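Naming follows writing order (A, B, C, D and E), and every chain is counted from residue 1.
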Amino acid sequence: MADRTILEISDLNVHYGQAHALQGVSLAFGLAPVAIVGRNGMGKTTLCQAIVGLTKASAGSIRMEGQEVSRLPSYKIARHGIAIVPQGRRTFPSLTVDEHLRLASTGKGGAWTLARVYETFPRLAERKGNGGTQLSGGEQQMLAIARALLANPRYVIMDEPSEGLAPVIVDHLIDVLRALSKDGIGLLLVEQKLALATAVCDRVEIMLNGRIAASTTAAVLMADLPMQQRYLGVASAGH
Amino acid sequence: MFKGLITRRAAAALAVTASAAFVAPAFAQQGGVIRIGSIKTLEGPFATGGQDAVRALTMAFEEVNFTVAGKKIEWVRESSNAQADVALARARKLIEQDQVDIIIGPLSGAEGMALRDYSRTLTGNTIVNGQSAAADTTLRDVSPNFFRFNGDGMQWIAGLGTYAYKTMNARHVAMVGGDYAFPYAQVFGFMQEFCKLGGKVTKLWSPLGTTDFASTIASIPKNADAVLVIHGGTDALAFLTQYAQAGGQQPLIAGPVTVDQVVMSARGPHRRLLNNLISAGPIVDDSDDPTWKAFVDRYKKRFPDGFAAPSINAVHYYIAARAVLMALEQVKGDLSSNQQAFQAALAKLEVPTPMGGKVRLDDNRQAIASNFIRRVVDRNGQLFTTQVERFDNVTQTYGMPRAEFLALGSPSRDNPSCPPQ
Amino acid sequence: MGNALELQDVGRRFGALHAVKGVSLKVPPGQRHAILGPNGAGKTTLFNLVCGDFPPTSGQIIAFGEDLTRRPALHRARIGIGRTYQTSLLFTGLSVLDNLLVAIRGARKGRFSMLPSGAGGEDVTRARELAERVRLAHRADAEVATLSHGQRRQLELGMALACQPRLLMLDEPAAGLSPAERPELNQMLKDLPRDITLILIEHDMDVALPISDMVTVMKDGEIVVQETPDKITSNPVVNRIYLGQGHG
Amino acid sequence: MNLARTLLRAGGIGLAILVLAPLALRAMLPENQALFWIGNIFARALIYGIIALSLTFLATYGGFVSLAQMMVAGVAGYVLAITVQGAVPVIIGGFGYPVAILLALGAAVLAGLAVGAISARTNDIYLLMITLALAVGFYRFVETNIDWFNGYEGIRNVLGPDLLGRKFRDPILFYAIASATALSLYLGVIFLVRTPFGLALQGIRDNPRRVSALGYNVMLHRIVAFGIAGFIAGCGGVLATIYNIGISPGSIGLGATMNLLIISVIGGLGHPIGAFIGALLFAIFDTFAASIYDRDRFNTLIGAVFLSIVLISPDGALGMVRRLREGFARKPRAGAPPL
Amino acid sequence: MTGATAATVVLNGLTLAALYFIVASGFSLIFGLMRTVNMAHGSLYLIGAYIGYAVFEPLYDRDLWYAWYVAILVGMAAAALFGILMQTALLGWMQGQELRQALVTIALSIIVADQLLARFGGTPRQFFAPDALFGSTSIPLIGNYPTFRLVQIGVALAVGIGLWLLLNRTRIGLMVRAGVDDRPMLAAMGVNVPLVAVAVFALGAALAGLGGVIGATAQPLAQGVDARFLLTALVVVIVGGMGSIAGTAIGALLVGLAEQIGQALFPTYSVILTFLIMVIVLALRPQGIMGRAR
């Protein structure tokens, strides 16, 4: 399936002081959802944050629809159509659910509207007037996802969107994520839960120590237990 | 830890700065020049008075074309912020760095005290007070090098107590004033006269820096025959405005610094209260005296952007400058032998004032001067004070022997006291 | 004296967020105990509770037989609880040696002394030993701000050891280390004297499993499994949590 | 650790500068000019340098930019003026200088501890605001209270004791005393920060949570640091009061508080020497700027200089020197500037 | 103290609190979003008042009824403009360096005060509101009371309600509140945060300017007023809690009432009362009454 490139990253590097967190990552993403998996501390979150400008890249380029965005402030990157569901959710404690969503909806039209969000996440509709610390972790997570979708981005980056969600909601989330490409929204999914990642995405990139260690497909990865264990697994690689 | 290099470089930088700074005063040693330093306040709330003081000094020096007894006058101007330690630093700089012979200044009471103390440590320099009017400066612990040709705060209110009791028939006066020494002295002076005649006074002190007098105004007894306003400058304007806004109806009488050009030239509802207001003070704006008229003309011509009439600051700095010039003239500019001759001349000088009177000094080098009861009048929308009564030869001790006066104690919040029963 | 650490039904809420839910845990003296779990499982919150950064909303924390539930943070250090932090919390303006000195004195008398301990002082000697032990002797006088990430992790460990802990709590010591640095860390952990009780939060199995006697797996603020390391890899619950098998 | 060597070296250089500077001036300048520099500019720089040192100490090693240091100096000055014999007006009076100075320093330490206790739970910008509010609150109280502080007029005639048959305020003697005090306090600070207490304090600056987890009582350390700073400021306050022949509210008002901050910042908050460099620059500037520039607009000038320093070199003159050196050495230095 | 006097004093406290609220709300707003402690807030007050006065005087001389209203608009605009300049030229690019920003604003306040002194001199000035607002009103129990002080309460209420509506009912309000929580995340949502910051700075400054004209109608305008109002704003927000409008209102009420009641009951020590409140609040709640723990 020919998939026109929407977002292209080449030779991206990020340093935190002396730590080289992202070491020359190059990836191209089209409309088809892509998962990035890997253990904690391997640079997945750094990659997400660098794409949307929450972390400044020290070298490399990020092109959205062919336009260089890596030197732009994050609000301009967002206006190029990239949205993020960040790690830790980062919802605004001062705002109620409804206020969040009103802030996020641009009103410029698009597949995702306030009504659709409430339909998709009925729990949010129930907690419309609640804000900040009154939401549970899972509710905050849904809110963060809804917030990103309401921007009707061309491309959305989700950093562990299933964190804190109850299993039944996760199943529901999988349906939502699978359907994104129908709305013309590309998806980069960073996930520790391999099942979720492979359920949504065909293409899987594996990160290890700030680099892309392997590019594979969901089917291959699911069938290859040693590979799972090497890059993600519970068992020590040495065993 | 210690960066030796930093220190060495700092020392080098210091040396450069230092040598640059020495260029300026190098010509100080020339003969035939008399250096006069001035200290007034050009910052903060007192700045208006300071600016007028500069005008007065400019006039006084220009009148003699910056020459006295054939010697050139060099005028070194310094400004303080009405704070004692700054005035002191400026005075030191004038004396020790600029090597002035004479300082004219300062403006405010605390500064006056500080410079009086400093003058005691000097030999061969003279400080002639500019405008500061704290009584103690020349009453207790006096300094031989400190001369004051203006009355102190207490002298400035002389006559008002008598006028209130006798002419206005007031028997109970409510006093409002700032809670510090300068107003204490004025209230002391007022009560010397008023209480002796049998009047009663309710005192309402406000902390210094109060700008919202609403609660003070609410506390003024309704049965008081008059309200004596001792506030000055911005405080006076604030009080008067708020009193007017609160619909205050009791007759007002005012201390010397309440009614000055600052308050009269400001606009606002307080003008209703100002019209015909009786106050005491050392100057009268709209005096018929020809000397005064000529003085005002010169002032206005030279400084079209100045006040409608010279302020109290201008008058006192002018008198101080005139005194210095007259004494210098008398001794032919001779400031040798620690200025002995000059200081002796100053001490027995009779200086004509712009008000048409004369001022001379007592043994403590404190002015014996005239004081006025004044009425505010409206001339084409501009307010002026006119003379109602004039009291000559007002001394610092209200005519009492100094010992007897000192025995009354220092003016304070509670001294003296004659509250209504 | 019983257990080095005992948690009885410890819970912590942040508003509606129930970060730690009724955790009960016993760690006998000398045990190496690893705590595993995905992000957001409440592992670090648990550490913070034990170290007294904030009190639990329910339950009791007992260490070495003493109820610590309401004692201030500084008291924990004084009875011998040392810890490291996920993101280095070092004194960046001080040298490596000074960092260690501050750590050494924390749990001792004389921490308030305004007299220097002297060039040959016992503290300085110990600090140098510690620097040696965490392989930082060559950078002992360097300002921490100039250290690499790996070196900071080493210093973190040194700081935790400096207060001569009886209970050492390490929060992801391997995070951000390069593959080359990991074996070195492993060795350092293995070299720890056996009388120190060790609790370790780790994602990296390569680091955690070889050295631990017991593994606790947490998820959503709860303990889901407690097993010995040899059994943990085959535990289906653990594999589901880690690999998400059982979904989709 | 070569603390002894550091101290010796710093002390030696400091002593050399403090002794040589006046000698050099006397050689270069006419007698009275030299005396003016020694008695006014240098002495003033030393006094305000000492007070600024208390702020620099707190900022450099504790990370607390306290604006209450001028107030603490004022507490010392007022207690001296209130208790010492000969001050006018007499409020308590009757004590000789040794006792009155001890009382003053004790009061300054207490005031410092109190400021520390009040602001101990706050940080950074909050601490700045709270200490500023405290400072101005104290100023307004002193200005309005007659019974204890003689209000606006303040207390005068604090002349200092006679020493070695000379008046305390004799320029040379005063300079010597101020120098000795400044040098001792400076070395004291250098010494203190190497002690366990000092190291813990710096640990608190970098990471209070960690220090607490290591078993230290962070709050107590912070409060004690403010107490020590109070002592330093108190020494400056005593000298300033004698230098100014008394004290009035203006000496500790908002302007004075800001000036102290300006001194510390233009000198640089990175090292205690910055306090004295800043004080010297300020004293020279304050004395001569009015002659160079239009004297009426002195404040605009000082504001503009302050602004440019904050914009160009937030770590003050010290930082400028450091950058110059590094520019030559081409050796970048890690670590954030103090601001 | 009689009942009537007590009532008057309390009402005085409320009206003074109203003025303090107007001034401090801008300070708190700016701090809330940007963590900038604007030590030049008093200067913005002065700028609003002096520029407003410069426009007011000629109009008033021609007896134009709208002179005062124009002064309010011009004062607010002038302060807002200066605020925008401050934020764009100096403070914006050192975002996050709180201490440095505070120092910059201190330097600015020194310069502004001196320049205003140069332009306008030290003569105190005073606005007069239109006659309808400037007389006295008869209030039961109290008697005649200055109408303008009641107007102050009205303006403060309007400001408070207006801010509440702005923050809770408008999109920009949502942005501001979200920005208080997490600026980078807000930016990642596509909001031009620096522009929002400038807008908030302008609004906060405009409120200072409004406070300037209102304040200079109630009390004379003179040099040194800037420091007074800066300090008041500081104490109000320290007591009430930084960045909270409701907290600012509570802080203003406490400080205003304390000042007036103190002045009536024990004038000499009234100054301490305000600071005592501050110390007590800090001891119990370091973040202020309505402040969020950080």
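FYI, a residue touches a chain if its C-beta (ideal position, glycine included) is under 8 Å from a C-beta of that chain, and two chains touch if they have at least 3 such contacts.
Keep in mind the model is a prediction, meaning the values are calculated, not measured.
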item: Touching both chain A and chain E (chains); value: none
item: Chain labels contacting chain B and also chain D; value: E
item: Most distant chain from chain A by Cα centroid; value: B
item: Chain pair whose interface holds the most contacting C-beta pairs; value: B-D
item: Intercentroid distance (Cα basis), chain D paired with chain C, Å; value: 43
item: Centre distance in Å when chain A and chain C are each reduced to the mean of their C-alpha atoms; value: 31
item: Length of the line joining the C-alpha centres of chain A and chain D, rounded to whole Å; value: 54
item: Whole-Å separation of chain centres (CA-atom averages), chain C against chain E; value: 49
item: Overlap residues in chain E, where contacts from two or more other chains coincide; value: 114, 268, 271
item: Where chain B touches two or more other chains at once, by residue number; value: 43, 179, 207, 209
item: Touching pairs - complete list by chain label; value: A-C, A-E, B-D, B-E, C-D, D-E
item: Residues of chain D defined as touching chain B within the complex; value: 6, 9-10, 13-14, 17, 21, 24-25, 28-29, 32-33, 35-37, 39-40, 44, 88-89, 140, 143-144, 146, 150-154, 156-157, 169, 190, 194, 240, 244-248, 250-251, 253, 255, 271, 273, 277, 280-281, 284, 286-288, 290-291, 295-296, 298-299, 317-318, 321-322, 325
item: Complex contacts: residues of chain A adjacent to chain C; value: 16-19, 21, 39-41, 87, 132-137, 139-140, 160, 163-164, 167, 170-171, 174, 191-199, 209, 228, 232-239
item: Chain C to chain D touching residues, read off their complex; value: 51-53, 72-78, 83, 85, 89-94, 98-99, 101-103, 105-107, 110-119, 123-124, 143, 145-146, 159, 162-163
item: Complex interface listing, chain E residues touching chain B; value: 5, 8-9, 12, 15-16, 60, 114, 117, 121-126, 128, 134-136, 144-149, 218-220, 222-225, 228, 259-261, 263-264, 267-268, 270-271
item: Complex contacts: residues of chain B adjacent to chain E; value: 43-51, 179, 205-207, 209-212, 214-216, 218-219, 233-234, 237-238, 241-242, 245-247, 262-263, 265-269
